[in-house]
Every structure is written in structure tokens, then in C-alpha cells.
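Paired with chain B in one complex and with chain C in the other, chain A is shared by the two complexes that follow.
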Partner chain A sequence: MTTSERAVEGHTIETNLHPRPKLRKSKPCYSDWFWGYLMIAPTMIGLGIFYLWPTIQTIYFSFTKWGAFGNHSWIGLENYKRLFHDPVTLEAFKNTLIFVVITVPVGIAISIIVAVLLNQKIKGLTVYRTLYFLPVVTMPAAVAMVWRWLYNSDYGLINQFLSFFSISGPRWITDPNIALYSVIIVAIWSTIGYNMVIILSGLQGIPTTYYEAATIDGAGPFVKFFKITLPMLSPVIFFVTIMSLISAFQVFDLILMMIGPNNNAIEESQTLVYLFYHAAFVVNDKGYGAAIAVVLLIIILIITAVQLKLQKKWVHYE
Partner chain B sequence: MKKLCLILVSVFLLCLVSACSNSESGSGSSKVTLRYGIWDKNQKPAMQKIVDEFQKKHPEINVKIEVTPYDQYWTKLETAATGKSLPDVFWMNGPNFIKYSSNDMLMPINNLTKKDKVNLGNYPKALVNLYTFKGKTYGIPKDFDTIGLFYNKKLFDEAHIPYPDETWDWDKLKAAAKKLTNKEKGVWGIAARMENQAGFYNTIYQNGGYVISDDKKKSGYDQPETIGGLKFWIDMIKDGSSPTQAQMTETTPSALFESGKVAMIYDGSWMQIEYEQNEYTKDKVDVAPLPKGKKKANIIHGLANVVAANTQHKKEAQEFLAFLGSKKASLIQAKSGTVIPAYNGTQKLWVKSNPNVNLQVFIDSAKYAVPLPSSKNTSKWWDDETKILNKAWGLEIPVDEAAKTLAKKMNKDLAEEH
Partner chain C sequence: MPNASKSSKGLIHIVLIIGAIIMVFPFIWMVLTSLKTFGETTQVPPVIFPEKFQWENYLNVFNSLPFLSFYWNTIVSTLAKVIGQVIFCSLAAYAFARIKFPGRNFLFILMLAVLMVPGQVFLLPQYMIMAKLDWLNTIQALIVPGLFSAFGTFLLRQFFMSLPKEIEEAARLDGCNHFQIYWHIMMPLVKPGLLALAIFTSLWGWNDLLWPLIVNSSPDKMTLSAGLASLQGQHYTNYAILMAGTVLAIWPMILIFIFLQKQFIEGISITGSK
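Now for the complex of A and B:
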């Protein structure tokens, strides 16, 4: 049965689309198709099991209430109603927005400046590049611990340094008005390296002929930067922006390690993902946690979609 | 049709790969391998010694110790329980016990006691009761801990204050804390930290209050005696004899004590090994009983070893459990000095494990101790405690207001448990 079926299929394809010699076409077509799928199978199966299926499950769980050890019951939209009436969640939403709105633009602006500076021929270039890239290969937990000590208001280096100028430094990580911004500084510091490397590769892809032409026309370094470098970099900047936005929305480790649950500043600095962690794994309210995760997913989806639309306005491809 | 065929092929391939790896690990030896889940790396050497001792008698049983840091232990354990892959034998604590036993995750030990492999009379009664749910006992007590007043002898000498002893009460402690405080040197008398088991639970019961009613249905935080137990600490933050809540968040109270910035700290018996091994505190630290309030009280808590209900090696796991509860195992623990062993009569060896510190204090405190309060979903109201009492400790809201808010929240949580 299968052989006749296959023959019929092969036949229709040949006659309708590609009128070519019979035997040569039908076999390779089938096996190309087969091998193609087999090659991507490991990745696709992995994606399906570890990404797609959990996502679907999370969406389902967001409509349930959880007891101990995976017992759950359907409660409809209850979690979402609670989410939008909970002042703590709204505060976390605000904190996340502040975090994103500051870290992404400032982080990218600094990364571009650093990348342009490190694109010149200066002594010790690789040393500088390594130094800037170092935070990227350091574990976030280690980064957070070191910064915690730097920020320590009684014994930390930063406030010691400030005291030389008789400034009494703030309580960096326990003052509710400042804690979030202290984390933002660390977040920017630790993302510069990654963004810089990508932007640097973009810079090196710009043909020198443009600059030579501009020099002949008498353009100064600033004009060159804004008229050539920035537009030519725009696809790279677009990529970096999307990636930074997504990771900024998901900030969690820095908040947990630097602020922590026993800190009175936690409510003023916790983000949505921190709140998700707390609901799902500390108080075992996994249904509510799932609802937070779904809302975050929707926010990131919308913002990424808007960006894809807007890119036509400002991203120049060669 | 083609698609289906393809899926089948890939599934088959996948099975082949996993089957290979499975048979490899399975057929490697005829030995049974038990997984033993613990959370304290300080205790791993002692646990390994117990395992080695056990394997001398039972060479056919292999025991693999799995250490998970306490912060992740319960998250991991619950995930494992949900996925039916709990370790065969593991550590259990009081706050989580009811949750696990009421959901049939643990194996009762009555057949061990019937066969006289284990005699529950060998362990402190309070601990056996802690691990008994609806008439069935599920765990064998492993160790216990009580709370003591750790102090820095050097700072006491410098301030010319006699060391604390069993005659101390709350007023004496407060006066001493004030005298020991030296703003110029950056030294505080005491660390009034926001900590339940080693902190305010003790003073609540010393003041005649309670945290949770005996039937586990009502919070005690709206009782004036309970609030008095909280005020004890906050008063000392207010008068400057303790660092502020923010300071203790940035630098942990233990770190302050270990660097001579704080003269006194309430801490559990489990911390003595830490203070004993610390370069600074090792020759300066000693322990006294907790100063009494209206009466003497102390929080006792102990771990138990339990067997997972769905273990695949029931016989071997119970054999190992019985050995963990034996006198021999308790003596190995005692010698290591890490925790107080639960087996009656072996505690003396623990007291001798560190002659520099008056460890007898912890054993004596057990006589008037109260078990650590717990219920079915303890972590829920512990989280409320942290959130709400933190604000009182940070002097953002008055204690009475915080305690009453907490009582309401906790009553709501307790109502949801039933």
C-alpha cells in the first residue's frame, strides 16, 4: 500500500510542478525531505520538550490553584484578577519598567562609545577588550556578591572612598529609594562587555571606503560618526536592543543576590521575575507564579513585535 | 503517513540512545545504590563516616550522599517529590514534616519498631512527637539543637563586665548590652536580628506568649505577651545597643560577631562549630544560657532521617535508616562536634568535643524547651513574618501594628490549610 501511495504522490508532483524525468526526481526529493528533518530533529525535539511544552503547561497552570506536590485545581481567571489588584505586583511592574527604561538605552549608548573607542589602534587594545568583556564571563552570583561588598555602607569601598571627600555615602542596597538604582548600575556594568563585542564586530564590517570618501569631502569625526557609523551600525544596534530588552525584562539573579528577601527595600526593588520566583518557589503558589510568567511573556512579545515594525523606520541594511 | 513514519523513527532512535545509557548504569553491579539527601556540608564528613561504617556490615548496599545547600534543599525536594524521584533516605525538619507526611510522601517506621530494630524510647520525647503525625511515626530523630547566648569574652573584659551566667534576666542583658556598646570603636552590645528560631520565638515564649495555638488554627501574634517578646528586640535597636536592621541586612550579624563588632548574639547550637573554627572568635567565644524573661524558655528543634514512601529499595532503605538511628551513628556525630546527637546518652561526647566552650548549656536548655512552631504550610506564614516584622525591625511601623497585621494574615493562611 505504501509503495503505491508513494508512487502516486511522486507522480503528481512530477506532472504538476516539475516535468522532468521520472526516476531521477522522485527518490532524491523524498530522501532530501527525510534527511532534512532528521538533521534538525535533535534541536526540534529539544525545543519542543524543553521550551514549547513547558510554555504550554505554564499557560495552563496559570488558570489553576496549586497545593503541595503538584495537586492543582482549575480556578479560571482568578489568578489574573488577583494579579491586577495586587499593589505588590503593580509595584513590581513599575520597578521592572524603570529597570528596563534605564538599563537598555544607557547600556547601549555606553557600549557604542566603548566599542568605537576600542576600534582605534591604541596600545594594549586586547587588554582593554578583555577587561570590558570580563564581567560577561563572570558568574552573576559572583558579580552580585562582590558588588554587595563594594556597596556595604559601613565597611564598603565605595563609601570609604566617598568619606575621603567628607561625603557620607548612602545606604546603597538597603535604602528603598536607592536600592533599585544601585542594581541598575551593576546591570549596566555587566552588560557592556557583551554588547560591545557585537557592536565592535559591526564596526569592523563597515567598509573604510565610506570614511575615505567622507574625508575627501571634508567631514569631521563627529559628522562621520553620525552620518556613517551610526546608520551603518543600525542593524547591529537593533539586534542588541532586542536582546538587551528581553534580558532586562527578565532580571532576577542580581535582585535576589544583592537585595534579597530579608531586605526592607525588596518591595521597592523587586521585579516581575523575582515576584514569580517568590510566588512559585518560596510560598508555593505556583498557579499565581505561572500567571505572572504569562503576563511577562505577553509584554515581551508585544514589545518585540512593535520593535520589528518600527525597525523599518530607522534600521538601514546595506 | 510520511510524517508519522518519521516521528516513529526519531522516537525509536531516541529510545535506543536512552536505553543504552540506562542498561549501562543499571547492569554495572548487582549492588543496590541508595541516595541519601542532606543539606549541611559541615556534616558531610560525619555522614560519610557513618555510611562507611554501615557498608562494613552491608557490603551489598551502596550509599551515595547528595548535598544540596539549605536554601535550595526544599525547592529541590518538592520538585523531586512531584516527579517521584525523591532520594531513598533524606533529612526532614519540623516545619516541613506535616506537609510531607500528610501527603503520603514518607514511609511510616512502625515495622522497624515492631521488629525491635529501633526503640523510640532512646530519643527525647519532644523530638519523637515532632515526627509523629496522626499516631504514626515517620522519622527517627537524628540530632537536636537549642539556642544559647554566645558572647565575646574579650569585649566583656574590656568593658569590665562579668560574663553572663544562668542568673541573667532580660534587664541584666539590656543593661550589659548598653554598657558594651562603644560608638567610637564601632562596637555594639548585641545583634537584635530579625530571626525567628534563634531569636524572637525564644523571647515570645519567655514572656508567656505563643506563636501558634496548639490546634494549629490560630496565630498568637495578637496576644500582648507575644508582642512583648518582639518588643524586647526592637527596644535594643531603638536605644542603639544593636546595629540597625539595615546594617544587619548588609553585613550579617554572624559576620559582625566574627569580626568583634558585636559582643553578644543569640544563636543555635549548630553555630558553635562555625565560631570555633573562625580565626577571630575561636579563642574569645563562650556560651551562656538565654537570660530568662517571665520564665525560662528555649526553642528546640531537631532533624530526623526519613525514608521516601515510593522508594524502590524499601528493605535496604529501612536497614540504613535503622543504622542512622543507632547509638554507633550517634557517637560518630557526637565526636565531630557538629550537632547534638539525638540518641540519649551520647550527648556527653558532644559536650566534650569542644572543651573551650560551655556546651553543656545547650543540653541543659532542652529541659525547658518548646518545640519549633510549625503547621502544614509553615513556609507561607514564615514568609509573612519576614515581610511584616522586617518593617517593625526597620522601625518603619510600630511593633503593635506589625504584630496585629501579621496575626490577621497568619490566621488567613492557617484557615486555607484546612
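Now for the complex of A and C:
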């Protein structure tokens, strides 16, 4: 729908229908149309200019090569061929996968445990919840800074603590074999609170009668957890998993701020989005950057499609 | 809700307390480090409490970078995005949920499509738009793309859909038009949704790094998160100053969270159930 069409519609309504009679539902209600288009206009125009059209442009850019003066030429699938042959990019793929495959399940498992513990009618629930949630409201750039300090190989508290037991700690963020895993720990630390809050509210929605009935049948806490809690919680866990997957694939802030471009571990720990940022905005290789973004788009679309398929099979709705 | 026995409750508390320490300790260490001298930060074994609080570290941060501008840019752009999204998203959400018009489903699917696309896909063309408008290094570059949100529209639509039809019909009989129904009747009823959206938008707005880093490179137009990145570049090893900058960047959001924690928790739980 273009702006002009919408304006025309608005116009006809004002001239013909202004002293509006009560319209019956079966007939097209032009006043409804007018308000409908008018009310979605700001968002749809904004999304069109800043989101939809850019998506199409990025897909187009991914087939082009950019010169120094903003001129670009069509090179077909060259960027994609390069992407799947460049060892640096393949490494970034691998790093992203490692990051996602560890962060998401471990993070969610810990969140479930914390949520279940908090759901035991214990004292100080709000205090615990607040403390666990603090990292969520802290900007990732700041989280990265603190952890870089804790991880510092010479004066960082973690290695100082280890040396207390005469263990010489690793170079957490400059050792290429370890850096990515150090970032993973921080990523898990900073998302537990978010997932825990959503899971906890899911837990609170499970009727107590289920547990009472199970107690009468002589079920222990583990049986209850696996036979009642987990199945009843499956929609929430599913939601949390999908959200975590999507955001884990897009990790950037922590990599930039904890590892950074001048670190010799960067190649072994950079992720796809970091590589995208580097290609598109640092070395100005826009076409290649766009191709990386499109690959990311495809990954996210696959996750969404799998989600829609699995949701029916796996998730237990009441 | 399962009710645990007394001894197991003690055990639960121990586990939760250990967890809480792991969650909070980095913040405590951040504040302690920010008040130490450079010498104290590099001592082995570590100094836990600074001998004298070095408030100059904070002054030093303000002297090396325009942190006041960072605050201004972050607060203004976050507020603008929150207000813009609450208005624009709720308008569109009401229309998608409550009004029948041709092309509604098609437009809604277009909007859902935006929801599926990861943010990086938009960045390059968005940057080019900003460059073309000559908006690089301006505050509107931080704001304008963030005024529109597919997520916000989708979230609020769920709220508008859950309201009973009778409210609307009564209002229509009284001669209200859609805007009046939206503004006077429905908006007060979807307040929890608006609050959830406002919380999400302010969190994302305050904490976002990639977009501000790309569009605004001149220090007086940076946000706090991008400012932290350049502080890190300037004082690469002086962690007393780096931690002072970090404290300065995060305290407002943490304070707001502590005051509005009930709303934060509710807002976030709501998205899980919608």
C-alpha cells in the first residue's frame, strides 16, 4: 500500500461518509478502512523504509562488489563462494556454533534449576530474583569490561584466587584455545536471570493439585519434576530456547569488548556477527558483509521454521 | 507449589546464596576497583578494600571523555524510542487487532517477516540512509530507526486481541470513532503491555552497542555503551578508571530496575506467556 493510495482512501471517506450513519457489518465499512490504514501508517512506513527495504537491499548487496567510491558491480555468487572457502569465515561459523551449542542448553538448564529452587516457597524470593536479574539490566559492554578485569591474567581476581592454591591460571582472554569459552561463561552468567524469570512465572502457573495428587500416589521430588514440572513447562522452555538460540547466534558486544580486534585470539573466537561488523564497517567490504548477514538470516529462518514444525509435536499444551 | 521440608530448604538456601554471590560479586568488585589507585589494582596478592577511596578516578573519566554528553545522548535517545514505540506500535497494534480492512493479513505478515530478520541484515542499508540524510554523528541517527518496532506491534496486538468485543461495541453505539476507542478506552486497558514494551525498549536502547558504534563516531554524539568502548581504547590497562566508567554507565538502569522491579519482572514474564 503506497502513501498516495492511502491518502485517496482517506479523502473519499471524508467527502462521502463524514456524517457517518451506523453501518451494518456485512457491508464494507470505509470508515474502518480509513482508521485502519491511518493507524498502521506510521509503523508500516517506518518498517518499510528502515527494515523491509533494507532487507531486500542487503540481499542484493550480497551479490555485488563495492569499489572505493560507493560504486558497486554485480558479481553473482562470488561473495558466497568466498564465504564457504575462506578459513577465517569457516572458523567464525565454527565459533558461533560452539557458542550457541554450549550457551543455550547450559544457560537454560541452570535457569530451570534456579527457577525450581526459587519456587519452593522459600523466604527471600524477591531478593534472590533481584540479584540474579542484575546482569540482565547491565549493558553487555559493561559486563564485558568487568569480566575482562576478573579474567586479567596477571592481576585478575580469578587467577589471583587460583594462585592461592598454587595453580597458575590460564590467559583467559588471550589464549586462542580458551578465549571463546571464557566468553561463553560470561554469556551464560548474563542471561540466567532473564530465562529464570520467564521459567519461574511458568512454574507458578502449574496447578498445585497436580503435585498433591502425585504426593498421594507416593511420587518423589524427581518423579514429580520429570512427570509434572517438565511437561507442564514445555511451552515456556520452548519459547525460552528459541529466543536464546536467536540471540546467541547474534552475539557481538561481548566478543568486541572482551576480545577485541587487537587480541591474537580474535580469529579463534570471533563470531559471524563480529565478522559481519568487521567486513561491512571496518574494512569496508560491504558485499561480503552483506553475504554474511544473509547467511545469518537463513540460519534464523531455519530455526523459526523448525520451531513451527516442532512446536506441534513436542510441546504439551494444556 | 511443591513444599520442601525444613532440612532441604536449608540446602536450597545454600545453593541459592552461592549462586547469588556469583551473580553479584562482579558488581561489588567493579565498585571496589573503581575506588582504588592504579597501584592497588596491580598488587599481588590483591587489595580487597582500597586504603583511601579514590573518587578522582570518576573525575578522571569525565576529564578523558565527554561522559555528560554520553548521558544526554543515551537518555534522550532511549526516551524518544520508548515514547515513539509506545505510540506508533500501539496504534498499529490496535488496527491489526481490532479493525477489519483489506490487506490487513498481508500487511501483518509483512510485519512478522521483519520480526524474523536478525538486526544485522538492516544495518548496512540503514547506515547508508543515515549517510545520505547527512545524519551521521547526530542524535536523530540514534533515534529514528528505533521508533518503529515489529516486536512491539506484535506484542501489543496480543494485548488488544485479548480484550472483549463488547467494550468496543458499546463505545461505537455512543458514536466513538476508532481513534477515540483506541485512546480513551483501550489504551488504559493494555497498560501492562505498554509497560512491558517500555521496559524492553529502554533496556535495549540503553544497552545497545553496535548501532551507536556505527553511526556516531564523534565523542560528543556517542552513547554510554559506545563511550565505554572508547574508554577501553584510551585506558587499556588502567582498570581503576575503566571500572569507574563502567559504574557510571550502568548505575541509572540498575537504579530504575531496583525501583521498578515488580514491573520489570511482570513485563518480562508477560512476553513468555503471550
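Keep this in mind: the second predicted complex is superposed on the first by the 285 of 318 C-alpha atoms of A that agree within 3 Å, B and C clash if a C-alpha of one lies under 4 Å from a C-alpha of the other, contacts with A are read in each partner's own complex, and residues count from 1 in each chain.
Going forward, a residue touches a chain if its C-beta (ideal position, glycine included) is under 8 Å from a C-beta of that chain, and two chains touch if they have at least 3 such contacts.
The structure presented is a predicted model; accordingly, all values stated were derived computationally and were not measured.
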item	value
Chain B versus chain C as contact partner of A:Thr55, first or second or both or neither	second
First, second, both or neither for A:Pro221, with chain B first and chain C second	second
Partner chain in contact with A:Phe281 - chain B first, chain C second, else both or neither	both
A:Leu134 touches, of chain B and chain C: first, second, both or neither?	second
Partner chain(s) touched by A:Phe238 [first = chain B, second = chain C, both, neither]	neither
Which of chain B and chain C A:Phe93 touches, first, second, both or neither	neither
Between chain B and chain C, more extensive residue contact with chain A	C
Contacts of A:Tyr37 with chain B and chain C, given as first, second, both or neither	both
Which of chain B and chain C A:Asp154 touches, first, second, both or neither	both
Contacts of A:Ile173 with chain B and chain C, given as first, second, both or neither	first
Common interface positions of chain A, toward chain B and toward chain C	33, 37, 152, 154-155, 260, 281
Chain A-touching residues of chain C, taken from the complex the two chains share	1-4, 9, 12-13, 15-16, 19-20, 22-24, 26-27, 29-30, 33, 41-46, 88-89, 91-92, 94-96, 99-104, 107, 110-111, 113-114, 116-127, 129, 144-145, 147-150, 153, 173, 177-179, 182, 203, 206-207, 209-210, 214, 224-226, 228-229, 232, 239, 242-243, 245-246, 249-250, 253-254, 256-258, 261, 264-265, 268-269, 271-273
Sites on chain A touched by chain C in the complex	1, 22, 29, 31-33, 35-37, 39-40, 42-44, 46-47, 49-55, 57-58, 61, 114, 117-122, 126, 128-143, 145-147, 149-150, 152, 154-155, 157, 160, 163-164, 189, 192-194, 197-205, 208, 211, 221, 224, 236, 239-240, 246, 249-250, 252-253, 256-257, 260, 273, 276-277, 280-281, 286, 289-290, 292-294, 296-297, 300-301, 304
Sites on chain A touched by chain B in the complex	2, 5, 30, 33-34, 37-38, 41, 45, 68-70, 148, 151-155, 171, 173-175, 260-264, 281-284
For the chain B and chain A complex, residues of the former touching the latter	1-2, 6, 9-10, 14, 75, 78, 81-82, 99, 103, 105, 186, 194, 245-247, 249-251, 377, 379-380, 383, 386, 390-391, 394, 396
